[in-house]
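Structures are listed in the sections that come next.
Two complexes follow with chain A in common, the first pairing it with chain B and the second with chain C.
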Partner chain A sequence: MNLMANILLNVLIAFLVGSVLLGLYRKVVARVQSRPGPPIIQYLLHLLKFYIKESSFPKTAAMPFYIGIASILMVIWISAVIVGPVTQGSLLIIFGIYAIHKIVEHNAGSSSGSPYGKLSCVRAVYSAAAEVPLFAVLVIIYLKTGSMGISDIINYQAVNGPLLYAIPLAAAMYLVLIISKAQYTPFSITKGKDIVSGYETEHFGLLRGYLMISESIMWYMLLWIFLTVFLGPISPIAYIIGMVGITVGIAFISATSPLLNPNHSVILQIIFAIIGIVGSILMLNVL
Partner chain B sequence: MDIATLSGQVFGYIPLGDIVLYFTPFNLFLFGGALLFTLLIALSNTETQVEARFGSLEDREVKVDIGEFKIRRFLAIVCGLATAGAMITGDLFNFTLFAALIGIVNLGLVAAVKMVDVLDSAFQYGIIAMISSLPLFGGAAIVLATTGTLSILELANSTVTPMVTFGSMLLLMGIAGETGVAPFYATKAEMFRTPGSPFLVIIHLSSLLVIVRAIEILLIINKPF
Partner chain C sequence: MDQVIYLIYILSFVIGMIIGLVLSYKKYTEPFVSKNIDIVALVISIIGWILLLNSQLIMLIPQYISITIGLFLVALVLGMRPGYGRFELVIGFIVSGIIWITGMVLL
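Up next, the complex of A and B:
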């Protein structure tokens, strides 16, 4: 297939599947809490609505930084689709993309001048300390497979079986990272209910649309990486089942657990990281 | 040990004497990202931070004055360029120089704010950055003394000895201190409470990107395979 057509197709799939999964997420949370909840396509409708709404900008915003930063978020997650499903490039680039995502999350909040955005910004900086697991997951995968290339990791699993069984604690650490990116989970402190919508609070119209489309692609990509890196070569149907399963599981966690305060959230993630890193190194040496 | 297994296909080289730049998708993506952010910072104004006034219902607006704006923008641009350099360099010593420059300009960015808490934070960060310069350059020197080269391309083919691993550990400690990442991040955390969003981004960007690049370089040098 032509490369450009391949990119467009994969970005479209990531956007649509990600949007529906985030809609499903809200639906499951609502049903667990005995509420009817929105339709599953609500996220998609919500997103499209913002593209036809009037865009307005706070007079306190740092221009054009405020606009540029929201646009960059969309660009980097489209890049992630190119590096991931399209070219199956290096996991290190995906990590670079995630690092830039953290920076955008941080500065989308502070660039508006809103105190809610600012608090989200401070929390984004604070929570960066809790993302040690991601570094560790990458290094552990590299130590196990001998490559950072996604295609090499898939081939390794085709021969040696899924990494989920070989390095389960690394998979668990990555799952904690996914949980921290889902809405209203114990670790999603940058968008806690106490700070309205966090860094998105002062983004309206087209810019909010950019943020929402980026989040849908990000959700798809986080799940795609988990399934690809830890389960290996699986069919498209298995990808769909896996993504729905993880989304529903995290929705249950979100619906039944409290929102932690930032200190507790970060410390808990660091504890998980220490257990995961030490445990994985021990398992690598033993197995 | 193949650089391509870590960073993707090598697109090309630019030999500059014994320093050889190499281009992989990973290096180019981070280099482009750092330059894009630097351009955005150079073009942007700062935000007006709105805060609640204690004891009344009015708001208080906190702005960056023009003198502070100019010096912080200059330092942020230098920091962005140093970060871009650290992403693309093929020489270990250049990487440590860029990391040290990032530490210096980050310190300047924090110290340019005329607030007591922020200046305290700058003082602590300055001490950490100064102390970290010893393991930073010491680590690179040990790698040079052991292998006879600082070219990352050459290091990819050199033998790993305990001294190389020791030098790499020192290097990692130095980078962590210079960029102020965990466990040192608290030393510059106060900075993020001040206005000047475009300047704050570069502090965070430089720290994260340099750490990501450091992981690549350390894995190349130590070759677990």
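Up next, the complex of A and C:
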């Protein structure tokens, strides 16, 4: 297939599946809390609505940075789709994309001039101290498989079985990272309820639409990486079942656990990262 | 080519949910209170689940078409206004599941 067509197809799939999963996430959280909740399609409808709403810009916004940063967020996650499902390139690039995501979170918050955005901006830097070590799970995968290439990792698992069994602590670390990117979980301090919508608070209309599209693609990509890197070559139906399963599981965590204070959140994530890295290295040496 | 088919499945599912939501809001003007079964939604759900889960038993139409239609019909019921359609969805799934198990045993 033509590369451009392949990219377009995968981005569309990532966007639509990610949107429906985030809608399902909200629905499950609501049902666990005995509320009817929104329809599953609500996230997608909400997102589309922003494209026909008037875009307004705060007087305090740092132009043109304020506009550019929302577009950059979309560009980096589309790049992740190209590196992931389309070309099955290097996990190192995915790591770079995640690092840029943290920078974008920081800048989106600071560029709006909103106090909520600024708090979120500070928290984005703060949480990077914990989330980036969690993403160091990639090093453990490299030590185990000898490659950072997604296609090589898939081939390794086709021969040696899923990495989930070989390095379970690394999988748990990555799961903690996914949890930190979901809304209202104990670790999602950049968009905690106490700061309204965090770095998105002062983004309206088209820009909010960009942010929401990026989030849906990000959610799809984080789950895709988990399933691909830890379960290996699986069928599309297994991908869907896996993505729905993880989304529902994280929704349960979100619905039943409190939002942590930023200090506690970061310390807990760092503890997870230390246990994960040290434990995985010990397991690699023993097994 | 496979990915195009998956995209069609996803689009069919998403469009089905949007239409289901719009139609159910027109049909039901009140939030979900009654426990009555909506016969139309039940029939759509049963047909949808059968087409989706038992597509290999249906020889008349290609599998990808029956799955696309099945996903669309299931999404119509799944996408209904919050509260509505869930009993119908579960009944449809059970009926289709029984047919699938029967088909597996007999074939």
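Rule of thumb we're sticking to: the second predicted complex is superposed on the first by the 283 of 287 C-alpha atoms of A that agree within 3 Å, B and C clash if a C-alpha of one lies under 4 Å from a C-alpha of the other, contacts with A are read in each partner's own complex, and residues count from 1 in each chain.
The working rule: contacts are C-beta pairs under 8 Å (C-beta built on N, C-alpha and C of every residue); 3 or more make two chains touch, one makes a residue touch a chain.
Quantities reported herein were computed from a predicted structural model and do not represent experimental measurements.
When both complexes are superposed on chain A, chain B and chain C end up sitting side by side without clashing. Look at A:Val125: by the touch rule set out above, it reaches chain B but stays clear of chain C. In the overlay built on the shared chain, the residue A:Phe65 is in contact with chain B alone; chain C does not reach it. After the chain A superposition, the centres of chain B and chain C are separated by 160° when viewed from the C-alpha centre of chain A, nearest 10. By the touch criterion defined above, A:Ile179 reaches neither chain B nor chain C.
In the superposition on chain A, contact is made by A:Ser90 with chain B only, not with chain C. Once the two complexes are laid over each other on the shared chain, residue contacts for A:Pro36 go to chain C alone; chain B is not touched. Residue contacts after overlaying the shared chain place A:Val229 against neither chain B nor chain C. Of the two partners chain B and chain C, it is B that touches the larger number of chain A residues. By the document's definition of touching, of the two partners only chain B reaches A:Ile103; chain C does not. Nearest C-alpha atoms belonging to chain B and chain C sit 24 Å apart in the superposition, given in whole angstrom. Shared interface residues of chain A, touching chain B in one complex and chain C in the other, do not exist. Listed in rising order, the residues of chain A touching chain C in the complex are 1, 6, 9-10, 12-13, 16-17, 20, 36-41, 44-45, 236.
Across the complex, chain B is touched by residues 59-66, 68-69, 72, 76, 79, 83, 89-90, 92-93, 95-97, 99-100, 102-103, 106-107, 110-115, 118, 121-122, 125-126, 128-129, 132, 135, 138-139, 142-143, 146-149, 152 of chain A. Here chain B touches chain A in the complex through residues 4-8, 24-26, 29-30, 33, 36-37, 40-41, 43-52, 61, 181-183, 185, 189, 192-193, 195, 197-198, 200-201, 204-205, 208-209, 211-212, 215-216, 219, 224-225, going by the rule given at the top. Residues 1-4, 6-7, 10-11, 13-14, 17-18, 21, 31-32, 78-83 of chain C are the ones touching chain A in the complex.
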